[in-house]
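Below are two complexes that have subunit A in common, paired first with subunit B and then with subunit C.
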Partner chain A sequence: MKRQNTKAYLLLLPSMILAVLFSFLPLIQSIIGSFLNVSQQGKVLGAAGLDNYISLFSDKAFINSIGHTFLFLAIFLPLNTVLILLAAILTRRKRRHIAIAEYVFLIPMAVSLSSISLIFREIFRGRVSIANRILSTDLPWLESPGCAIFVLALLGVFLDFGIDYILLLSSFRKIDRSLIEAASIDGAGSLRTLFYIELPEVKPMLSVIIFLAIKDAIMISAPVMILTAGGPFRSTETIMYYYYLEAFRSGNRGTGSSIATLMAILAGLIMATMAARRRHDRENG
Partner chain B sequence: MIGRTAERFLLIFLLAIIAFPIAYALMASFFSPMDFTDSYAHFLPSSFSLDNYRMALGNRYYPQFIANSVITSVIQAFLRSAVSIAAAFAFTHLEFSGSKPMLIVLLVTMFIPPDALLYPNYSTIAGMGLLDTYWGIILPSVFSASSLLMILGAFRSCDKNIYEAARIDGSGDGRYVMQILLPMTRSIIAAVFLQTFITAFNSYLWPLLVTSRMGMRTVQVGITMLGFAESGEFGAQFAAIMMITLPFLIILVIARRKMMQALSDSIIN
Partner chain C sequence: MKKAFSVFIVLLASALLSAGGSKEENTITIWHQFTGAHSDMFDEILDGFNETIGKDIGVTAEGVYQGAANDVLTKVKAAAGTSELPDIAAMDATACLDMKESDYLITADEAGIDKSILLPAAVRAFTSDRGLLAVPFCCSSLILYYNKTVFDEAGAEPPRTLDDFTAIAPRIGQRDSKGNVTRYAFAGTPTTYELGAFIGAQNGLSYMVDGKNGHFGVPRNVLIETDGTFRNFLVHWKQFYDTGFVLNTSDQMQEFAAGRSASMLNASDRLPTLQRLIGDRFEIATAFVPMTDENATGGVNIGGSALFMFSDSEAVKAFMDYILSLDCQRSWAEGTGYLPATSAVYSDPEFQEYLEANPLYGTAVAQTLASNPEVTGIWMPSGYQIYHTYQSEIREVTENGKDIDQAVHDMASFIQLQLDDYARQNTSK
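Entry: the complex of A and B
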């Protein structure tokens, strides 16, 4: 037995070191750092108690970033849910021409975050943009606060669409065929079958997708950097973009650590709730 | 009958929305500078010249960006697979004390969002003197709990009797892993490798933070800084985007079914 201990520990060593060094340690550092007074050069000047949190919540820009993040979430989440549900429902039965639609719906997965952000920047660039031409509108998409956050939400849908679609589609296709056939023999129309048989069956997967979408939405930052750099008039500064500005641009270590701590807890809670729900679903399903 | 038509109409509408950005990017990769600055926006280019592609490839950094991305992504995919295989083998085939707590410690990292750890991780990498190096880009995301979980699931479903028989035959663990275990689970291993490669190749934020020399930038960071847009040459930027997107579109067409399977399994498990 002793020999196996050594061998197992050696095999686990790389994973353990990496998990501790790049996951646990930085989390602990952020938590401790959020209660310390740290200079811009990274020198610890003493305990700060709750000062970092107090100054964070009295910072108007941070409060605004919370508002922007939740506005983003409020536009993104319904839009994303409706679009992936429609796409999956319309292509859930395998037919020959449906396969082509499947490929098209997977395309967003092949396009990287920075590529799609640059593409969106061009589609919505200025009043002569292609978006205005197609919609016959005359909106300054990325130059007006209300429009810019909407474009950001649309971009968010594109980032998640491919993977969400795959998950939902395979969930639809895993439904026991005999359930659907029995319903149609009983005379249920396809709409009734969808609402009473199929949708309840995919509900667990849909809830996983929604939880992941919420987590992704509150953590959004990279697309903001490329699409709007927080503008116009700081109207698209999200919480995590603000974290990036604080930690990397302004050198405010203390408040940066406070944001990191709060967001890590929030994201962790969302993931844990999701895991608990899935366990619950599985035990009752 | 009306339902059918409405359904078809809705599907086509949705397809158009989803396909539009990439279709537009493809068209824009052929645009002349005039096409971009015209008083009304085009969808079709005025001519299908390859000038933009020539210009992107002729850029002194673009090929270097791609090389950096490919190298770091391949190393990361290789290391993540290796590290996960080693750990998964220990958890599924060896008896040792502390197995359960150690597994929990590794899996808990799934609940810690890496995006909230950017600054301390940056400090660690800077402290190790790894800024502007491939290792600085690679190291923090080598370990991934979800990849470990996928391989763990595959190894668990393997018949333990084969392992016992191999041991009685006197073949060592190394030989068993290389000649029996890995070939039996190769589709999952390949899925982990490919998934890691794609994620690494597409990552933006981390490589942006840990590199500052143009020669060390990865392509996802680099394309936002190519400078074509500033000089009014948007077309070359779209050509650069299309050239890094095309390989993934091809992978998607070839591996669609396998990928769908692997992805849905990895979430469902």
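Entry: the complex of A and C
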């Protein structure tokens, strides 16, 4: 038993080394750095006290970036959850040719983030855009703040769709068939079976997907960078994109460290809530 | 157990070994942002070097695309102090402040580049208190692009001042029977680049921030409020906007190419792309940037990018000499639409012939030669944030009727905040 444990730890060691090197040490460095003035060359110029935090919260753009992030979350989360659920429900039973639909829903996993972001940019670019041609609309998709955040949410859904779909689909297919058959014998229709048997069974996985989506929404930055670059008029600047601008583009490492610290706390809270939720689900059967 | 341990050690050792890569000594690595036709032209230049001088001295120049100009800067900063830093990187003016403050840059002066052969305005554009920072390479300037077909039909001449623009806007713009605008006179919301000309040219020469627009020392004070230049611009711009024929957008290129606006401002090197986009749909023409008012005589600054050096090897110097040669500069300019950085090209008969055959390219050349070389681009921290805040303030004034004095004050305060923040975090007290 003891030997088994040693082997397990040994196998875990590379991941643990990587986690310490690339997650924990930088996190500690960020927390310390948030109370220092650090030049972009990495030179410590002195203590900053709370100056980095004060300057951060006195910047209207940072406050706005919090608003944009939560607006993105408010659009992305329901859209993502509903679409994933629909796709998984429609394809949950193994039937002839269902594999075609499965492949289609899994396509997003085969496309890289950068490529699909660039494709979205071309589809929605300008009034004479492909999107307007297809939908017969005249919307300034990436030119108006309201539309741009919606397109960003659509991109977010596309990026998460493949992995979320496969997680939920496997959860649906793992449901004990005898439960469904028993319900069917008792006269439950397909809708009743879905709502009273299947959905409660996949609920734990659905909460994992929702928490992952919340985490992705709060951490979103690369799609913003490629699709909108924070525009139009800084209306799609999210917290992490603001962090990128401050830390890497503007040379304000102290401010960057403050944001990183706050985001680590936020991520910790989300993960703790998720763990508590899962524990609660397990305890309640 | 032993087997598992050995596998682990082998994996760890190979991971560590593969992480410590080294650069080939006989290769000059150049990070750049060129795409499409520009990338093809740059590859031609590299091939030209590799087949001639490079071959003689046993050196190969290799270009590596690293994304947009800003991405190149971000990656250079990330690679600073490591063996991954390239020998040369093509970056624009937004990199200058960071590069000036860095200890890993070999300035063009330190590398012994002969400045006397370069276009004076191009030298000024990249000169700082550390001397000439980089070798000007992709020089361009802001110009007015206009739909000549529309202007001719309306009997309008390209505007000399913003007031002229206001006067002709209703003639070159168009509305349908319901009063909806079907063609704007102008598309675009000015921001740092355009204001470099609209503010920089005022009173012959004006700066946005101290230290001659941040070229000398780290900028500490914003000037656009105290010297009244931003206010003056906003007053004239608001009058222009109030004609109802100005479209606030950041995608002016597409609006113009689609014929939805009769004019726009953009960099001179966008001409080949525009010509390709527009084709035969209408005749395109170019003109000088309209002056903010009659006293705004400074002209425009040189924009574009330059080659920053991180190695002082003889090979890099030889490459720079090659790239600044007359033939190389002429073919680069003709193939890309950029202004030549080498003065001799401007009097070269072959280039003159080219300008005669392609008169639209001549506008940027004439405008640059007529401009005050002291009018330079702005080097200041938080360039992105300032860029978008300018646009937001201009939109607030034009679309939402924000008081001009308040907008000027808010803009100046925002820039000052960025300068203070940068100074606090990046300079010793």
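As a working rule, the second predicted complex is superposed on the first by the 258 of 285 C-alpha atoms of A that agree within 3 Å, B and C clash if a C-alpha of one lies under 4 Å from a C-alpha of the other, contacts with A are read in each partner's own complex, and residues count from 1 in each chain.
Heads up, the rule we're going with is that a contact is a pair of C-beta atoms (placed from the backbone, for glycine too) under 8 Å apart; a residue touches a chain by one contact, two chains touch by 3 or more.
Quick caveat, the model's predicted, so the values are computed rather than measured.
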Tell me the contact category for A:45 with respect to subunit B and subunit C: first, second, both or neither.
second
First (subunit B), second (subunit C), both or neither touched by A:214
neither
Comparing the two partners subunit B and subunit C, which touches a greater set of residues in subunit A:
B
Partner chain(s) touched by A:84 [first = subunit B, second = subunit C, both, neither]
neither
Is A:166 in contact with subunit B, with subunit C, with both, or with neither (first, second, both, neither)?
first
Quick check on the superposed pair: does A:180 touch subunit B, subunit C, both, or neither? Answer first, second, both or neither.
neither
What is the contact status of A:250 with respect to subunit B (first) and subunit C (second): first, second, both, or neither?
second
For A:232, decide between first (touching subunit B), second (touching subunit C), both and neither.
second
With the two complexes superposed on chain A, say which partner A:128 touches: subunit B (first), subunit C (second), both, or neither.
both
Tell me the contact category for A:11 with respect to subunit B and subunit C: first, second, both or neither.
both
Subunit C-contacting residues of subunit A that also contact subunit B
7, 11, 14, 128, 248, 253
Residues of subunit A touching subunit B in their complex?
1, 4-5, 7-9, 11-12, 14-16, 18-19, 21-27, 29-30, 33, 42, 83, 86-87, 90-91, 101-120, 122-123, 128-130, 132-133, 158, 161, 163, 166-167, 169-171, 190-191, 205, 208, 215, 219, 221-222, 225-226, 240, 243-244, 247-248, 253, 256-257, 259-261, 263-264, 267-268, 271-272
For a test of understanding, state which residues of subunit A touch subunit C in their complex under the given definition.
3, 6-7, 10-11, 13-14, 37-41, 45-46, 48, 51-52, 55, 58-59, 61, 125-128, 140, 142-143, 230-234, 245, 248-255
Over in the complex, which subunit B residues touch subunit A? Could you list them?
3, 7, 10-11, 14-15, 17-19, 21-22, 24-25, 28, 38-43, 83-84, 86-87, 89-90, 94-97, 99, 102, 105-106, 109-124, 139-143, 145, 148, 173, 201-202, 204-205, 208-209, 220-221, 223-224, 234, 237-238, 241, 244-245, 248-249, 251-253, 256, 259-261, 263-264, 267-268
Help me check something: in the complex, which residues belonging to subunit C touch subunit A?
1, 4-5, 8, 11-12, 70, 73-74, 77-78, 80, 98, 101-103, 249-251, 254-255, 258, 260, 381-385, 388-389, 391-392, 395, 417-418, 421-422, 424-429
